[in-house]
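For clarity, chains are labelled A, B, C, D and E in written order, and residue numbers in each chain start from 1.
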Amino acid sequence: SGGETESDGIDKVKVGVIPIIDVAPIYLGQQKGFFSNRKIEVSMEAGQGGAAIVPGVVSGQFQFGFSNMTSLLIAQTKNVPIKTVAAGVASTGEQGKDFGGVVVKADSPIKTAADLAGKKVAVNTLKNIGDTTVRESVRKAGGDPKGIQFVEMPFPNMPAGLQEGQVDAAWAVEPQLTQIKAAGGRLVASNFVDAAPGLTVAAYFTSTKLAGENADLVKRFTEAINESLAYADSHPDEVRAIIGSYTKIDEKTRADVTLPKWPTEINQASVETLAKLGTGDGIFDGATPDVAKLMP
Amino acid sequence: MRGLLGLAGLLVIVEALPRSGLVDDGYLPPTSRIVAALGDEVVTAEFWQAVADTLTAWVIGLAVAVAAGVVVGVAIGAVPVLRAATSSTIEFLRPIPSVALIPLAVLLYGTDLGSTLLLVVYAAFWQVLVQVLYGVADVDPIADETARSFRFGAWARIRHVLWPTALPYVFTGVRLAASVALVLAVTAELVIGAPGLGKMIAVAQTSGAVPDMYALIAVTGLLGVAINLAARAFERRTLAWHQSVRGEVPA
Amino acid sequence: MLSVSGLRKVYQPHVEALRDLTFTVERGELVCLVGPSGCGKTTLLRCIAGLLEPTGGKVSLDGREVSGPPPGLAMVFQEYGRSLFPWMTVRDNVELPLKQKRLPRTRRSALVEESLTAVGLAGSESAYPWQLSGGMQQRVAIARAVAYEPSTLLMDEPFAAVDAQTRADLEDLVRSLWQRLGVTVLFITHDIDEAVYLGQRVLMLSSSPTVVQDEITVDLPAERDQLHTRADPRFTELRTHVYEQIQAAKLSTRTG
Amino acid sequence: MLSVSGLRKVYQPHVEALRDLTFTVERGELVCLVGPSGCGKTTLLRCIAGLLEPTGGKVSLDGREVSGPPPGLAMVFQEYGRSLFPWMTVRDNVELPLKQKRLPRTRRSALVEESLTAVGLAGSESAYPWQLSGGMQQRVAIARAVAYEPSTLLMDEPFAAVDAQTRADLEDLVRSLWQRLGVTVLFITHDIDEAVYLGQRVLMLSSSPTVVQDEITVDLPAERDQLHTRADPRFTELRTHVYEQIQAAKLSTRTG
Amino acid sequence: MRKVAYVLGLPVVLFAAWYLISAGSESFYAPPLRDILASFGRTWTLDRLQADVLPSLLRLTAGFLLAAVIGVALGVAIGLGPRLRATVEPVLEFFRAIPPPVLVPVIMLFAGIGNGMKIIVIVFGCVWPVLLNTVEGVRAVDSVQLDTARAYGINGFDRIRRVVLPSASPQIAAGLRQALSIAIILMVISEMFAASNGLGFTIVQFQRSFAIPEMWSGIILLGLLGFGLSLLFRLAEGRALRWYHGLRAASKGR
């Protein structure tokens, strides 16, 4: 089924999201009426990551969810019955000006990504998009990624972790990236940019069941999201404003953060690249993801 | 009264630590800034809604866990065969963390209250159960023999002998369960995103709003203090006969 | 009729508390039981009350074998302190068994009041047991048994903690209760005078391994009072006899 | 010297257990204390032992005011069952205070063995208190106090649960201990004969509100034995006097 | 024989029921028990046990023992001193109500991300049942026993060691028992954040990588672990509290 359909034909839809900058378009779209135009009433359920969102979508508690691409690829290799429906967020593609990157302390001996070899690097989750793309950065800079010791650390802890020397470098995203840089941190790699041009970092997805049973709803949702993405991409000030409504990022930081790109198409080539990187790093347990099956 | 002294001490330490530069005030802001953030929070309706949501999950979850824990505990404790037959299962289930059940909860209830309740009840139930089991085992044999010699039925023995003996243990169990329930309510909100204080903490955390985060954590802690005060007051009234409440040993 | 035959009780792992006890108590009889400390009197009483499973032999009350506490039985425990419920007031302690008997409320309060007055505790109804002196606690336990109006009354050194005067009063209370209600009483005491003053018969137990060492019938008149009965030469004769028997029981173990 | 002056104790909220007690016990004296049940004897002993804070008046031992348990004091509690530690064997229970006194190991075991034999419990060393009969438990508590070789010994109805013969033996034990060690003994009992047989003096307390009602000096020869002393006409005279005083105490409250 | 039947009876029945009910399960997150059991053998190889379960167990042991010592020591102090209790209880209650997952990041600030942090998290979570039960157990020590100790000049540390602790030990045991299972839970939680090995980490990793049968097999392993530890605990308790169980059984005619 597709959420509750009211007598007047309006579909109530729950979307599982992580309350970060990346999902600003859907909040903006909701505000702008891009969803209600299409007889969809969206509500956002903020979870802390895939652990809560994917099962919610699979079981039909949420109709749609937001997840990073690598997680979706992993899910695909395990035949989790899900499918992407729209692009989520993409890298800006500009070296040094992306919404995620590897940072070190100001006085760190690490100058380039190649120096990361053999160092302790914080990522938010192991065996996921962070470590595979960082390895690629190291490779591209001519270093050997084998010796990197990745450790898990929640994004919000990274500024302190770096400061206290608990790790040598951290792969951070906004707003922590801005925060670290403001405290004197130095960017040594833009890993999303290094991984693939125009890398699609995350996507919206639904269960194959819903996609099969209520193709119309999925279509309308995709259209609404795409309109939201496009709008967000061209109205950065409104994005900065709406972020304040669902996060607690203060106004100054909101003005400073680097916003990601919100293209309306999933860059399939970049996803293939991600899949290859992941396979090389062994995060799919020996399987190879079938990217086509995941695509809308 | 003295308790206020203790809390005041904590406030002073938290104020002093970052001010003295021992810890970076970006990670542990001084009391004054936390209080200011709290001040900003308490005027919003959203905040009170979150407190209400958390407390609702807590109250319902705790009530269910305590009722089930007491009934099951007394039944198992009073019937040796039941106890022998269930103990291995109990020991098996107990250490399974509620958090590991999150996917299951989301699967069943999404981000509804049900999800939070499942986790809260699962975690708090064992606290009560184990205490009740130990309490039941603590019945004075002579008191029990007295009841038996007067031919008290099973129910009368439970009500008049077993229950009063187990009561202090039950209280400890309830106090443990009360905070575990609060902890799990907040955790569930934090991870699953069910509405409540936990969700607000999660948002503050991912946004790097450190004083807000501490303010909300403090609110959780204060809820705990309030709950304990209530429990103590109730205990003083119901356990007036008990050794521990009879009055502190003089001289 | 209470009959004990071949009763044997061995505590884990190998304390033989009772070896082989056989005796009967007629219905409505008042029998006193004396014996050296640790010889197994309490154990015997627990077996009769159906609280302890005998290792051998059997106990039957009115023809039915005792396997659990029989109806209409009241017991005053030697550990009086622990047998009162600390979470209940004196009144509630006495009243509780009556509630179990489903007596109507008014009858219950009458019985409670009457029995507490009889043991000299009128006025302490709303105290908790732990607010009372040892002797007062013991009297609460007695009041509880008395109020119950049992058909069989087992008392384990019930007057150990009360003063001489109160003790005399309580002795008379037990005798009058026994005469009024026709209750069967088995009464353990260390006080030989008390045993002779109270009982129709006195059973003497040997020290362990325990058997019935001797038994005497107290042929004093049924109407007894503290002054005259105790002054009776026959009383003195009987008590001397009991004393000698117990001493003999003690000596036999000391030497053997 | 033990001196009690103007002692008053009111339990929360308003039970006046002791009103105004004044008396002294000379060093090395053996004084018995009698009084009706619930009159405050245990309360008095607890105050002397420094376990209970008096509401008024004061207690001093050898010139120093008692504010906590004074050194060299041993006490036998009325609640003997609860005063033994159930997690320790009989031997450990008796030995524990000796360890506190830092006696050497051999001395300790000698004392433990000696005292347990004296109370007739040789052989039960490795039993737990709850494996013993009531009387045996009480004797363990006595053995513990005796082994301690105290300079002040407070005993609260220590023989309540033992049989007549054992009681006589224990009475003689206390007297010989007292004579041998010169210990100051304050002995509470309900048995008037016992009070007269044991004591150099007998203090009689009134029922509450409690004061010292009367006091007699027992002018019997220092060498006493169960047979001859109790047969002494002076003994009978004294015990009658005490009996009458107690009865008077009781009556005064009953009527007033 | 009978004992074994009691221990295994209900679990066998429950597992059989689970097996049957789940046999035809299509649900991605609730796979058939058959698959879970099949993955169990595959997953928990000797290497895995050594690489993940062993470090977890070491952290667990360290955390539990530390919590036991702190809980009992603090509990005795608080239980004996009504003033101290009144002063510190609110502060303790304050910390007790803070969820460990919230606290993990905060503790991480001070203790880093190594084993120290994980042990602190375990201690922080499982010290409470020990503390509370010790406080209550100490407060409930029989007054006559205490008076006896005082009268014989058994004071200070000796009184605590010889009277207060043994008397409170049944209740302390209840607290330790609770703490043990909470320690296991917190071991998992602490390994969910910032870990690179451990049982909790592995389970979370399975969950994140959608290896659901493996995840369930991990949960079963947790249960087994808890069961095994509690068996050990019961053995130890049976030894330490022999007097207590004897006392309870004594007058039941057994």
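We adopt the following convention: contacts are C-beta pairs under 8 Å (C-beta built on N, C-alpha and C of every residue); 3 or more make two chains touch, one makes a residue touch a chain.
Since this is a predicted model, take the numbers as computed values, not measurements.
Participant: Take chain A out and leave the rest in place: which chains still touch each other in groups?
Facilitator: Drop chain A and the rest stays one piece.
Participant: Once you count every C-beta pair in contact for both, which comes out on top, B-E or A-E?
Facilitator: B-E
Participant: Taking each chain's centre as the mean of its C-alpha atoms, which one ends up farthest from the centre of chain C?
Facilitator: Taking each chain's C-alpha mean as its centre, the farthest from chain C is A.
Participant: In whole angstrom, what separates the CA-based centres of chain A and chain B?
Facilitator: Those two chain centres are 36 Å apart.
Participant: Which integer distance in Å separates the CA centroid of chain C from that of chain D?
Facilitator: 26
Participant: Can you work out the whole-Å distance between the CA centroids of chain A and chain C?
Facilitator: Centre separation, chain A to chain C: 83 Å.
Participant: Report the inter-chain centroid distance for chain B and chain C in whole angstrom, where each centroid is the mean of the CA atoms.
Facilitator: 49
Participant: Give me the residues of chain C that touch two or more other chains.
Facilitator: Within chain C, the residues that touch at least two other chains are 11, 46, 51, 79, 82.
Participant: Among the residues of chain A, which ones contact at least 2 other chains?
Facilitator: 51, 55, 58-59, 154, 156, 160
Participant: Note the residues in chain B that touch 2 or more other chains, in rising order.
Facilitator: 27, 103, 107, 142, 145, 190-191, 205, 242-243, 246
Participant: How about chain E: which of its residues touch chain D in the complex?
Facilitator: Chain E residues touching chain D: 142, 144-145, 147-148, 150-155, 158, 162-163, 166-167, 169, 243-244, 246-247, 250.
Participant: Would you pull the chain D residues touching chain E in the complex into a rising list?
Facilitator: Its residues touching chain E are 46, 49-51, 68-69, 71, 73-75, 77, 79, 82-88, 96-97, 100-101, 128, 130-131, 144, 148.
Participant: Spell out the residues on chain B that touch chain E in their complex, using ranges where they run on.
Facilitator: Answer in residue numbers: 1-7, 9-10, 23, 27-28, 84-89, 91-100, 103-104, 107, 123, 126-127, 130-131, 134, 137-138, 141-142, 145, 168-169, 171-172, 175-176, 179, 182-184, 186-187, 190-191, 198, 201, 205, 217, 220-225, 227-229, 242-244, 246, 248-249.
Participant: Spell out the residues on chain E that touch chain B in their complex, using ranges where they run on.
Facilitator: Touching chain B: residues 3, 6-11, 14, 27, 29-30, 82-83, 86-91, 93-103, 105-106, 109-110, 128-129, 132-133, 136, 139-143, 146, 170-171, 173-174, 177-178, 180-181, 184-186, 188-189, 192, 203, 207, 212, 215, 218-219, 222-227, 229-231, 247-248, 250-252 of chain E.
Participant: So in the complex, the part of chain A that touches chain E is made up of which residues?
Facilitator: 49-51, 54-55, 58-59, 71, 74-75, 78, 80-81, 125-128, 150-154, 156-157, 160-161, 164, 166-167, 283, 285
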